[in-house]
Each structure stands twice: as C-alpha cells, then as structure tokens.
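Data first, discussion second: the structure below is written as structure tokens.
By written order: A, B and C. Residues from 1 in each chain.
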C-alpha cells in the first residue's frame, strides 16, 4: 500500500529543513573568551551579579575537562561556535509584529496555529533570543507568569530568578553547564502561584536558524505548592554542514503537593551537538512527570534528573529515542530519592537503525534516609539492522533496607513471525515493520498531547521510510 | 593507574558517570617473591599452541590483576582432560593460616567432547590477615563440558581476589557455581568468551555481605559465536555496613546471530547502613539477538512476606528462610561434605537477623 | 464451478526438514474442505505454505490462486488477493489497537478510504455476534487476550476482511463449548457461495453446522485419502490407523 498513514497525516520533512538568511542585529565573534562573555552581558543589560556569575562560570568552564564516558564530541570545536546571535527584532507580544522571515519560520512549524488551538501560552525563540511571547488572558489573570528570561531577570520577578538561577544545575556540575552559565541567553521563565491549576499547556519553541551557532537558552519554572502545569518544549533547526551546539539548561522547582509535566519532542537537525541539562526538584507530595522524545541531533547527551526531596514525592519518566544514520544518542534518566516513601518509575524505548547508536544511561540512587521508597526501571531496545548499535547502562545505588528497586531491560529485533502475521493481513513488509515500530513507541505517544503524538508518529514514519 | 591505591581491576566494559564509583575498582598488591610464569608451561605439557590460547584469554578483573597473580604464583595447577574423557578432579582446598599470602593459578583445558568438574575452596583456619589472589582460566574445546565450583570462607581481615577467564568453543558448555561468602575484600571478575557455535555459559553466584565487607563483582559474557547462550545469575544478602558492587554485562558482538543472553540479580538488603550498587549492561551491535536483564534490589516482596507470615513464621524467620532459599541453588552443588558443613555453620553463625 | 486454489505437487522444507512431499489439493469457489491427520503430518505447514510464510521453503511444485501462480508472492500480496489464515497462536502486537489494525487492513484490501463511524458501527455489530466485549476493540492486538479471545479476534478479522479463501487452523482448540458455538456461528456467517473454507481440525464439533464438500487425510506430507463428509465420522470412530495402514 502506498500509504498507511492512519491516524497520521502525510509528513513533509521540509517543514523542519527550510532556512532563512541570517538577519542578525548583533552577533558575537566565534569562540569563547572573557571579552565575548562581557560583550554578551553588556548587550543583554545584565545586572552586575549576572556578569559576575558569567565570568565565574567561564573560569569553571576553562578548568574542566570534557567527559570521558559518552559518545565522542570531537566534531565540536568551541572556537568555531558563535555563542550569541540576536535576531533583528525586539520581543513581540503580538504575532503580527514579528518580522516576516521569523514569522514564516514559525508559521511553517505550526506554532501560532497550535497556540490558537490548544495552548495557554506560547514563547518562541529564534537563535539566541525569544522573539515572541504571549499568554492567554485568563491564565494571566490566575497570576501565572510566563515571560522570557531577560525580562524576568530585570523585571519585578528578578528576586525569584536570582534565588533559583543555576542553583539546581550549578556551573560546577559539568563542563557544558559551566559553558551555559557563561554564555546563556534566551529561554523562558514560568511562575505558577500556589494552588493554581493551569488547564491547558504552555509551550516554548526553540529554533536555531544560523549556521555554526550555539543555542544556550535557560528555562526556569517554579510551580508553587498545590499548583499544576504542563509545559511543552519543541526544538528544531535546519541542516547545515557545520556543527551547531545546543547547551540549554532547564531548572524545575516543584513545590509541595504541586505537579509539573514537562514534555519534549526534540528534532534538532543532524549536525547538532545536543548537550542539554534538565533537572527538577520535588517537594513533599509533589509529582514530576517527564515525557521525552529524542529524534534529532548528531550527538546527544541528555539525562533529565529528578531530586525527590520531599516525603511521598513521585517521579515518572517516559522516553523514546530513535537513532538513525550517523546519530549517536546517549540519553536516559537520573533520579535521587531523598524523602521518605518516594517513588520513581522510568520507562524508556530505543530504536536503532541504519548505523545509528542508542545508549540508555541511567542512575537511580536511594539514599539512606529515603525509607520505604520504590523505583522501577524498564528499558526496551529495538535493533532494526546489524549495522546499528544499542547499549543499556543503568546504574543503581541503594542505601537502605526498606526500599524496593526493580529493573528490567530487553533488547531484540522485530520478530519475523509478527511481520508475517501482519503481512498475511495484506500489509507490505515495510508497512508491517513500520506498524510494529509505531506500536513499540505507542506507550510514549499516548503520554503526549495529540498534535505532538502525531508529530512523533510522523517522525517515526520518516525515519522508517526506506524509499528515499 | 596509580600504584599507591593498588591494582586497577574489574573495569566496566564501557564507562559511565565517575561519581557512582563503579567504572573500576582497586585491589591491593602485596609483597611476594617474583616468579617467571612462562617456565611453568614446561611442566604443564600444554605445548606452545595451547599456552598461547591461554595467554590470550581476557579475564574479568583485567590485565593488571592477571600480571600480578602470574608473576607471584608459586604452584600453578594445570588440568588437562583428554578427548572424550570424563573426570572429577580431586577438590583443590586452600587453607589459610598465619597470615599466609598466596597467588594461585589454575588452567583447565577440556579437550573435544570431554567432561570435567573442578572444585576450589578457600578457607581461613585462624583470624590472621591473609592474602589470596586467584586466577583460573578455562578453555572448553568442541563439545566439552566444564563445571567449576568455588567456595570462599576467608576471615574478616583477609583479602581475596578471584579472577576468571573462560573461552568456550563449538557446542561446549562451561558452568560456574560460586559461593563468595567471606573475606574483608571479596573481589571477583569473570569474563566468558562465547566464541564457538552454540557455546553456552552459565554462572550462578551467591554472595554474602556483613560487617564492613567490600564485595566487588564483575561478570561479562561476550558473545561472538552464532547461537551462543549465556545465563548469569547473582544472588545475595547484605547486612551491617557492607558495600557491594555488581557489574554484569552481556556483550553481543556483530555476527553473533541468534545469540541469547540472560542476566539477573536479586539482592536483599537488611541494613540501612549497607550499600548496594548494581549495573547490569547490555551492549549490542548485532540485530538478531535476544538479551534480557533484570534486577530486584531491596526488601523482601511484601506479598511473599505476608503469605509466609500467614503460615505462622515470624518476620525474621521469613527473612532467613528467603535468604537461604535464594542460596539453595548454589549450596546444593557443594557436594564436598567437609566444606558444605563449614559453609552451613558459617552462615548459621553470621546470619543474625534482627 | 471455477477453480479457486490449486496446490500442485508441492514439496516444502521447514528448518531444512522435509515436511510436504508432493502434495496436491484443489478447491473450487464456494467449497468447504476439511483437512485431518495425525500430529506432525504437515497440516499447519500446508496452511503456511499457501499463505506464504517465509519460514517454509517450497522446493518443488506450485500454488495457484484463481489460476494465477502465486508461489513466489509474499504473504501480503496473497492476502490482498483474498487468502486468509486464522493462526493457531496469533501474534501479540503491543501498541496497536485491534480497531486501528482492522481499519488499516480493510483500507488496504479495498483501497478505499474508510468512514470511521460507519466502520466502528460495523465492527461493533460483528463483535456482538462473536460475544466479544466491545472494549477489546481498543485493546492492543491480541495482547493479553485469553485463548478464546484470540480465536475470536481471528474470526473477527476474517469477517472484516472478507477473503475468498479462509483457512482455519485448529480454530476450535482450547475453546469451551460456548466459545466453539460462537466461533462456528462466525464461520457460518462468513460462508457464502462465493467464498471457500479450508479447515484444519482434530475436532468435529466446529464442523457440525457446516456443509462440507470434501475431507482430506494428510499423512507424511501428502494427501492420502479424499472423500465426502462421511470420512469425518469414520476418523472419529476408528482414528487414523485404518486409513494410514492402507497407505503403508
């Protein structure tokens, strides 16, 4: 059959792959020096403490070595990366005012359309700065703040920002966290007051348009006690022949009894080094939920981490990684149980195809004080051919006698019997395999809002399509 | 590696975050007279070709441990079982006293379609601090079957390392049964290379941690042959302030079509001061394989506890029952009466559940 | 009546073992055939070979469907020509719901876009007929289905796909009396004068309501006897010993 796009409409890869000429109002030289960091700080009108913070981070960056355990990042030359590109516009609150080339980009990606249909608020970042931010009035009236980080840093919420900024992910965490601390720009700040339930999701979309550039956005979300938020993050970039770098940082503060759901579909272009750090801390009775789809990038290091600090706090992580030709996606999850009666559940799927390499790398730590805690980890890996690779590297560190930890992992291929069964019902071999892979990914898709589930299915179809 | 901290051993086949502290371990060296190991081959009658096969076998603890043990080994044992022969080797019992320091090397060659069973036991006779570094290499040629049973009951001040390297050829099978129950530092490394068509490797290991014992285990099943099968199990109970690390790796190398690897670990923790680190790896660059690993760590399953208590057992009785039950598959294989009774009384004495 | 299926001198291997040894079989449009035979005779191999299971290798002979040589066709092409196999142990396919699956299959067969609500209504009616709880439509294909539900799921698929030739492999095994009744009802509902059935069974219960045209005894990879429905009675009373004895 020519098309088996059942609940999935036909997809056109070019929606991610178009690009516009760079039209920046300001851009730094490539590479990383104290001068550049000072320039960025000046350009962004940082408060003094932030300049100090950046310089300190730069020092740490220079003193640290790159990790020796992950996939190679030799292709990334920091001296060639432009760390700051300011698009030729100020941030807009009205879509009409966004310059045409940038507007077209996001129109093609369906951002304003999604906003109209199903989102409470939208932020859009183009290269280094947020170009558009808008929140629905009723959400604003609930006291929810959703703005770009720059405004937050200098505006009336500056104290909240200062109190939280890079406290969860300190620049000393690893070399690329230090890099982020030195050159970060853009990103979103969200504040949900105590008890406020934001019914429909907020979304940020990150687009890196310039070649040889780095994107270092910072996302800071504070969900106060008893509040609820679903935040969606999307990322994409056109393909260039030179390496691009994404070293974002996401810090999530989930208060007592609060719940935060953080969903990501990442589809960076295949020249991207995605060295991203995401971390959440959860208060008493709080819940953190991650849904994470990794499809793009040349190389990824991504392990969203949750610190279950409060008693009875919970974490759920659902992830899928699809590595195709030339991709090395080292992804996974980390959780540290500190509070009593805390629980975590991690479920991941990976698919390796056409020489792609997937690694699941995980870490579950149950500390001495985290009495009666539970953790379960499930990793399923699918190998679609023998030139690909899939590794599972899950570490567990358990330090008390009253907890339960279970871990299961499976690796295998699509069974011939299943393919024959579907073919006996009239499906071509390709479609049968594609259906089995979609089914394999289904537990992740069903955790996503519909339009993202559709996007994910489209990405799988794209990756599975061997007819090109 | 920094020699001040000892030998760098039990390397994780691929690295992960350093802060977890499981990428490798350190095992102390000790002062012993050096020997020239190659000279030993003469009395083995192995011949150059066979000696070369043994020399090329990788072990679980790694090259530094192998070099140290071979360079200080005084009385290597060579076991050769001829084609078609079936043999049960007289138990190799090592008894430690007066602070004895021993490096022992055992090479087992099972020729085509032979069968051999070897038993090694390490026991302390007094409370003095002894040192043991053991190296056992096994080559199972086509259709051979090798069973190696090991028990270790050294005292709380002794250091013990047990390094294994195994090569399994067409339709051969090696079975490893281990009771690692004693010592201050109990380090085990085992690398099984399944190179032959339909080669099979089975490992069943029990460990016991209490007081301040440090247990560090590193198991690797490397599949290169087609239709190879590995099954590694480890079970243990942790008390006191013990610190245990288990690394278990199934490594599917491209070309090992239809290979199957299973690995499981069950750890019962009875002390809030005990620490357990487990890292079960599956490495895979072959599509046509099936790999599974499972780990359960922590307290006894609540349903099982409830069921057994409803039959009249106290909580502590249930705990003891469950630990003993998990050890049974290994203990039942210790057929040497003397050693078996020593193992039983050791567990009776040590395992005080409160 | 015109020929639907013709199996001509087929030899087939499974795992390098010879299972079929020059098997011949012809089924006309509208006919119902039953295949009986002791375990290991090659009954399921025959089904698999007709369906085109790549695990069975045809070394000699040909399979024709509506006069066309389909020996080299893959399973999906055969399905689209109208061949259906009800599996003894259907595969479980996680993540794909029964309804979605059937919708894709149906659209594949007809090449026409489907009206979602009409299809759902049709499916619900068919499931009612089979005493299947409607919630099964949104469950993953065969995952966690009991033996009986799996068989019903196979019959449901047959009813949705409307093949020209349906092969039912031990469709009654492991079913209780009520389930056999429901499955027979499904088969009866399916059968009309334009389509044909090939039933493999040990058990006569499922055949009770059907008009059977021919019964074949399969042994050592060949059909050694063909007769009318009276042969079922004979096998049920005397077993295969007599028939096989004559062959040897």
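Just a few scattered comments:
Going forward, a residue touches a chain if its C-beta (ideal position, glycine included) is under 8 Å from a C-beta of that chain, and two chains touch if they have at least 3 such contacts.
Since the structure is predicted, the reported quantities are computational estimates derived from the model, not experimental observations.
Relative to the C-alpha centre of chain C, the farthest chain centre belongs to B. Chain pairs A-C and A-B differ in how many C-beta pairs they share in contact, with the greater number at A-B. We define each chain's centre as the mean of its Cα atoms; on that basis chain B and chain C are separated by 52 Å. Annotation: 49 Å between the Cα-based centres of chain A and chain C.
Mean C-alpha positions place chain A and chain B at a centre distance of 41 Å. Contact of a single residue of chain A with at least two other chains is seen at no position.
For chain C, no residue reaches two or more other chains under the stated contact definition.
Within the complex formed with chain A, the chain B residues making contact are 14-18, 20, 22-23, 252, 254, 267, 269-299, 301.
Residue ranges on chain C touching chain A, taken from their complex, read 51-55, 74-76, 78-80, 84-85, 87, 90-91, 93-96, 100-101, 103-105, 107-109, 111, 140-141, 157, 161. Residues 1, 4, 6-7, 415-418, 420-429, 432, 435-436, 438-443 of chain A touch chain C in their complex. For chain A in complex with chain B, the touching residues are 68-69, 361, 363, 368, 371, 381, 383-386, 388-413.
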